[in-house]
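Heads up, the next two complexes both have chain A, just with different partners, chain B and then chain C.
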Partner chain A sequence: MTATRRTADTLFILFGLVVLWEILHRIAGETAMPAPLPTFAYLLHNLTTPRFIANLTTTGLELGYALLLAYGIGLAIGVWMGAHRLSGAVGEPILVSLYSLPKITLYPVVLLIFGLGISGKVAFGALHGVLPVALLTMGAIRAIPPVYLRAARTLQLSPWQTIATVLLPAALPEVFTGLRIGFTVTLLGVLLGEMFASKEGLGAMIMNALQLVQGEEMMTVAIVLFAFAALANGFLLFIEHRLHRRV
Partner chain B sequence: MNAAPVPHEIHAQLSGVTRTYPTVPGAGAKMPVHALGPIDLDLLRGEFFAVVGPSGCGKSTFLEVLAGLQQPTAGAVTFEGKPVGGQVPEGIGVVFQEDASFPWLTVWDNVAFGLRRSGVAAPELRRRVEDAIAFVGLKDFARAYPSQLSGGMRQRVCIARTLVLQPRLILLDEPFGALDAQTRLLMGDEVLRLWRRTGATVLLITHALDEAAMLADRVGAMSARPGRFIEIIATGWPRGRDSTIVGEAAFGEITGRLWERLRGESLKALGHAAVPAMAAE
Partner chain C sequence: MTRIGLIRLLVVAALIGALELACRSGLIDHRVIIAPSQMASALWTLLASGALDADIARTLGMIGLVIALSIVLGFAAGIAIHALPRLRRALDPFFATYYAVPVFIFYPVLIAIFGLSVMPIVLIGVATAIVAMIIATLNGLDRVPRVLGKVARVHRLGRFATALQLQLPAAAPYLFTGIKLAVSYGFIAVIAAEFILSPAGLGRDIADAYADFNNRRMYALILFLLVVATLVNAILHGLDMRFAARRSGDRS
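Let's turn to the complex of A and B:
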């Protein structure tokens, strides 16, 4: 598929979504679902207000810290469990069951430990992201064909050269898939954290607008988040496909 | 009988080599698994030696011990007079049965991989890599990734990656096991070409009797596990041979003799008692 064709497809989907939105607006009424056009007008007016920018910055900061933690801890756990057979055998079922657990049930615990400030939301976001990053990294390392290691030895590589020039590139595409999924769920965790027990951030803005019945503000925040998540995911997918194409 | 340029100069030597694997937990077996040996073998400089034997007889273990990828449980391995053990000595190149080409590198970078880490100057490196790629016939695919190549072409990438390091002993572990019979015959010709051009000592592990009979100066028939050489047959082929010798009477004789020696061992590997050929039914 050519680039123009893909752009046309994307625009077509976006147009379809706006039409769907308009239809929902006609069914649900003004309070529940404001019309697209007034919402876009509201968005343009409010996007640059200090209030909006402050909330956006808070969410961005929380997401950044949470990703840093999720990636750092997730990669460390994943490499360790992938390389050490016993740790992997013990750790994998634990991680898998934690992954399937609805983590929102643990949010009160996180709040009790980290408090109501930014650290609670960062911790909750990281809690979401760590698991897929660790699991996929572990899988990536286990999936490296053993013959690569033997080949590295016959090519006279030192252990460090083997890690840097064979193991790392061999595992990278799969690890990157973990980072992309980790990004999506970390964002989810941060926003969930903001929606409950928080006064700052985009998640808190949505809940605030809900209480004040400000449909346009609710939809504005939703559109911003939608656009950000879609763009970031598209970018990560683009890199991921490039990495996978060679394998 | 062998066609080595300097006859009877020992290039690599195994004496009293055995390999035993400790019991695998949960595998059921209480005794350690005796996989190989004892093996005594002198590889002569410049000869082409093939090892055939039933599956699971320890052929690959034998190759890995010789390459220094595995330590022998007992006995000693020497390469060019120096003991081998713990690591692969400089001068030994290995081509594995599995596809070991790196999918994240182009053919060119795959071939250059080992050389880049040996501190060879750039112009020399380029010349040697291009030469090796041309030798295996992948000139038009230098910029391709392995995923764009067939299995046989990828195995040639691995051969070029080994060849470029100018090994003096080349170990081939069933490199054509995954290829179809016709491609294997052609790849056999390429291995002969490689052997003649590099002047290296070549050791080929294979399960195909015809492949061993066609390619080697000497063929070692290996018993069922624990693998030992039950007979070593000299083929007497000229150095300039190629796959057309499969039509010669001597080829049939050698293959027949190998099968005679290995039939009972193959049955043992299948779990049968060794039975005389005519009484098999």
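Let's turn to the complex of A and C:
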């Protein structure tokens, strides 16, 4: 009963946002801010065009590669700094201060090193994702009760066996939180990369639409990205809650 | 300085030294990265010439405005939402996903509406930073111990005095977390907006220097922004430590 009322309230707010959009449309005018209904019609009509699918594929590909890099490097740094006490104590404040820097200032450097193609955007996305993955993995491994490690020593496990059978399963729920946050910021990094000096991908598409004054296209891309990010985050949160319950 | 602090300093110095060596020896092409000492000297010349003053004032002023607006409005919105439980429950899913969706993608939409001016940058900055402050305010008000309400009644404090003398100090650590996040998000959003598309500002300067292949200017500007952001973060971290020490001192 209360749950349905809460959902109704939430839907009501969502409806309020669409009304706000309509009001903004009335104020800003047709070219700057298209009305909600024509935009949804445009969205349904254009989602399957080859141009949109090509850009979607590019962004998806970049996100995939960037995540692979961010997760691989982030997990490696996190496990190392979590398991090796001195490295962790020395490195943690460095990682934390890097995490809160405006990384967009480093994008030109990334572009100079990796070039204007797909690899520059992948590297920039990965640069965003590595830090939260590393920091949360490190925290997760540090929080493992020392008795687990003593048990691993008693069983004479090799370092690899210790990581695979003791450290990772014990740390998994919190590590997964790092992977979820890493996903969010990697997506943001890839999109920021596409918005500057790029011709492909959804971020480039929205900048292109701005220049051509195509309000419907801008809103369409924004809505698709919002929906994708929210759904992906919801899915990852669902897995995360299950992992937390299991332990 | 502690031993770990010393090691950290050495590690950072070694990394910068290695970069310097790699650039000076030609291992890294100067068209890609210039030596750290050259970045510093370029920044020094640029600052001394006064050519950056207008853009520094503009960008830091904008960041300050965004942060101030986000903190004040976010705090007010947090108090209002806290007072309306039904609204809050309805908003919870939005707060939970807000930082998972790329809100920044709305920046071009804001430019389309308001034109290429200060307005879209301030709006996207506040949109990025304010929600962290709202969430922190809600968290803080949730954690105010119930017993403080009784204390207020025993001392016959008015509503305003209760808020100022009891509730605010109790919620302060959470509010400070919100302020820290708002500062960090404000920085990131304003610089990113300037970099992507804006009429002026340090972010725009970096993008222009990149387009002109003017590496000395570009690296000087990057160094400047990184140093400012690091300093601000260090100050906030120091304040955080001091508050934490004072709180634990209260209890003992």
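By definition in this document, the second predicted complex is superposed on the first by the 213 of 247 C-alpha atoms of A that agree within 3 Å, B and C clash if a C-alpha of one lies under 4 Å from a C-alpha of the other, contacts with A are read in each partner's own complex, and residues count from 1 in each chain.
Following the convention adopted for this analysis, a contact is a pair of C-beta atoms (placed from the backbone, for glycine too) under 8 Å apart; a residue touches a chain by one contact, two chains touch by 3 or more.
On a predicted model such as this, the values are computed, not experimentally measured, just so you know.
Of the two partner chains placed around the shared chain by superposition, neither chain B nor chain C is touched by A:T48. In the superposition on chain A, A:T154 makes contact with chain B only, not with chain C. The larger set of touched chain A residues comes from C, when the choice is between chain B and chain C. Within the superposed three-chain model, A:T4 lies out of touch with both chain B and chain C [touch as defined at top].
Of the two partner chains, chain B is the only one that A:P145 touches; chain C does not reach it.
By the touch criterion stated above, A:A32 is placed in contact with chain C alone, chain B being left untouched. Legend: residue contacts after superposition of the two complexes on their common chain; A:L172 is shown touching chain B, with no touch to chain C. Shared-chain residue A:L24: touches chain C; no touch with chain B.
Contacts of A:L191 after superposition: chain C is touched, whereas chain B is not reached. Every residue of chain C that touches chain A in the complex is listed here, in rising order: 4, 7-8, 11-12, 31-33, 86-87, 89-91, 93-94, 97, 99-102, 104-106, 108-109, 111-113, 184, 187-188, 191-192, 195-197, 203, 206-207, 209-210, 218, 221-222, 225-226, 229-230, 233-234. Residues 6, 9-10, 12-13, 24, 28, 31-33, 86, 89-91, 93-94, 97, 100-109, 111-113, 184, 187-188, 191-192, 195-196, 203, 206-207, 209-210, 213, 215, 218-219, 221-222, 225-226, 229-230, 232-234 of chain A are the ones that touch chain C when the two sit in their complex. By the touch criterion given at the top, residues 64, 67, 69, 87-88, 90, 92-94, 96, 98-100, 102-105, 113-114, 117-118, 145, 147, 158, 161-162, 165 of chain B touch chain A in their complex. On the side of chain A, the complex with chain B involves touching residues 145, 147-148, 150-151, 153-157, 161, 165-166, 169-170, 172, 243, 245-247.
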